[in-house]
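Note that the chains take the letters A, B, C and D in the order they are written out, and that residue 1 is the start of every chain.
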């Protein structure tokens, strides 16, 4: 399949819409990003890369980082991860705190904030301190992407720490319910730090190679997780990867996806390719408006999807 | 791939466990079914059928019927279906009534009871009366399976009508919220009737051919729905097909699935095969205990899954 | 205290506002009542009656009937009543169905619809059938008021039965949760029947004599309930008598109150007087707009309240 | 009425039960209090005091302090208080966080934790800092009780600060929803400080004089709040003063009450007397087991209640 041709045609089609969508509004640093940007990188199982637009521009990966913190936790703790976090979609965001209370502090899945905070807490414990956990996670992500320049954006981090009341509420509630082992401040510092990592579309597409190659990481030539675990992560991305729009994404895109409010979305077709699209303007669900359109077009054009 | 060999090996492996799981307890007719039964039928995109065990024994399809009522509604109404029912997973069963009130009577998806009742109401309106809708649906299912003997089990139907308080609560609440157009009694009579249809594993595996063949029905040699719609239905089965265990099924099985409390589960691998497994004993989530194991083994053995 | 003077002065003050508020909108028969009506009757512990305005005009008592169905149930069953219904305020109407599920079908108190339906079910069981229970309740209310003309408004009843989906949802849900013993249709027929009773302000003020006289009914010269039970009912009126505005009424009026969407409100000052005010226009909480104002003025003017 | 005789007879009756109930378990300092204590003080509108048992022993007033923080806020801000906190009972504790989200951060009333935290925030703003607010509140309580020795228990305070995750969750959630103006740490420090005040039964009975005397404080010979405001506070105590047992207390005791997990309960009969009872053992709702019994007996014996 001529991916470069497909990507360019898709880019031409979306160009008039670049800049549409709403900026992320919850922290000033994200709101201030130039909206008129769009990048897409596709990375095949054979290691070939195809890009269009701003595919080399680093952006704030935000919730996409939850994919990697979960992967590291699975690598470290195996199935023990599932003692403290579920694997089911969460229903409406509206009653997330109700769910936590009703289900004794066990978040529904690792991709909602509550779940990712618990996963971060697991890493804090496993590596003895959040700072060590963060170092390990950053190293892993550099290896996966084959890019030692990947780093945390400290201004975004500070801004998140200054606007953290909802996540503090969640973390304190989970502590009360007995499912957080480390101090709230340490866990949230670590959590916001990995959310504030900056990577490009190309970095992220490469970093997801292990999800399309049964757990094998091409850049470091190592098996990161078992084939079964790679399959598990893809399943979770499908059912829970795009907040309250997982059904919508499965429906429209038909690929396992993970999105972030920085405007990035990664998607994978196991055995074929990983892709990362980025455009800062968001839709009502907090997913990149153009990113979702691009992925929908891509699977429609190529007739390649998991369904 | 030698499917018959795989099925037989799988059957041998599960034989010692046949009879395990809890009987469906909510209506006497289902509770009375002999637990020590197990059947599996696999139907390929080329039209070949492979079976083991009680694959020809008809059983009560229950919620699997929701797959076909949705398909018929999509065929009749197209995207208008989505004006009255959502496409997102529902979270916990616990707060389903809360969700209905909060989201103005729009059920989260067509596979929870509330959603299937609304879809049935659409069919009642579209065919002018529930009886006509039911006739049409039954005809469709006979055509899809190529089996004119498929029929409703009237004892199960009566039993369901006598134990219908929760579904009556749901239907009256939706009526209050403005999302039911026909009388509650008519809608529920139609709804319970299609849940009470009896089919065998082989019937169901064949009937799902359109989901693996981009909407094309092999038995009637007709295009039932558009390719895009078949993909949509598969996506919905993945995110919402097994009640509060959709994440678990995506994780363990990795195929779009739809289960029923009669102990049946259908699963599809688009482009390859549809499969139906049946064993009456249920797990805590109301899905067939052995059925889920069989599907998990099947995808593990064959390394065939969508992820 | 010169009650007649107080009532007349209060009437003069409110006259310009008569007709304000919104008509009850949930059934046509209530919506069609002439809004420009206002009546008030005050009945003292000595048996004296004072009235202004349309105090002799019968109106639909609606939820005020819950006061009398509870009284009859307490008389028949004593404290066994509290095995099946609670005594606590219900919080927001919004999550009433959630509460029922969470608390296993035990409604929070006898004055919310769910609770009154369960109380009616108790009466259906106690008198062997809803029709007999209704006869007994009607007889009781005629005796309490000393007025044999009190009757059910059949047009209102029919209208309620035709608009009963929410209450049907509640009743079926309670049945599913195991707290309804009689058929939903029978219980709701009985429930709507007593809601559709017509009485005047004077009837209701007299009928509440037992609440100000330690359980003694002046008209029938009998002790209806124990002094402790009369105190209990007054306490329940205070915490739960005006739906989601019980706090507001305690705050503004400071008397035990029970309201109905027909525009009536009864209030009592134990040891002193019972009062009934009626004006059809409602406020946002479904309580009579002018009725609440009249009661607030009455307790402010007389400096008589329980607080 | 011979109050001393009534109190002594009541004391004799309860003596065998002293020590029953469960100790407060949420902070070690409260759990360590000697359970075998019981005190009761009754203070009349004429200024006479009657006591039995450990009526002079200071104990941790905990949530009883919410009565005084509300009073101070009403004195400072008048009806503006009600812009940021409601006046309705809260229903089950279970969904309190759900309620906050659903009602945009406006707690249902000033006596649940969320509401008292918002009231404390009002005082922090009104007095420019929590420390000044706390000074003012402590001064007020000393004046009301006529006891300059009243002070904060610093060990209890530290213990509360170390076990504050649920209240931190609440405060951060309210901040996110826009209804907290001061830093969470400052507000909670102030809140826990006033909860950690130690007073005796006699102190508290005297301090509530203004609630039985239309806002007039006997000890300082000043009008603290308007008569209408005193009535309002009494109404709120009745509908919301004992957490999820307000209905139960209205029913059994029939007086406006405010309880704390330190085992104290204050109750008032406007125009007659205020009373404070203390015994550390708690019932399932977190109210003093013997305290509730004592109050129930008192109102049954004297036939004095508001209902």
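For the reader, a short list of remarks on this structure follows.
In this text, a residue touches a chain if its C-beta (ideal position, glycine included) is under 8 Å from a C-beta of that chain, and two chains touch if they have at least 3 such contacts.
Note that the coordinates shown come from a computational prediction; the quantities given were computed from them, not determined experimentally.
Annotation of chain A and chain D: not jointly contacted by any chain, touch as defined at the top.
In this assembly, A is the chain whose CA centroid lies farthest from the centroid of chain C. For the pair chain B and chain C, the distance between mean C-alpha positions equals 48 Å.
For the pair chain A and chain B, the distance between mean C-alpha positions equals 32 Å.
If each chain is reduced to the centroid of its CA atoms, chain A and chain C end up 56 Å from each other. Touching of two or more other chains is recorded for residues 94-95, 98, 102 of chain A. A ring topology is adopted by the chain contact network, closed into one cycle in which each chain touches exactly two others. Taken together, the chains touch in the following pairs: A-B, A-D, B-C, C-D. Residues of chain D touching chain C in their complex: 86-92, 94-95, 98-99, 102-103, 108-109, 228, 231-232, 234-236, 238-240, 244-248, 250-251, 254, 256, 270, 300, 303, 305-307.
Those residues of chain B lying in contact with chain C across their complex are 94-95, 97-98, 101-102, 165-166, 168-170, 172-173, 175-176, 184.
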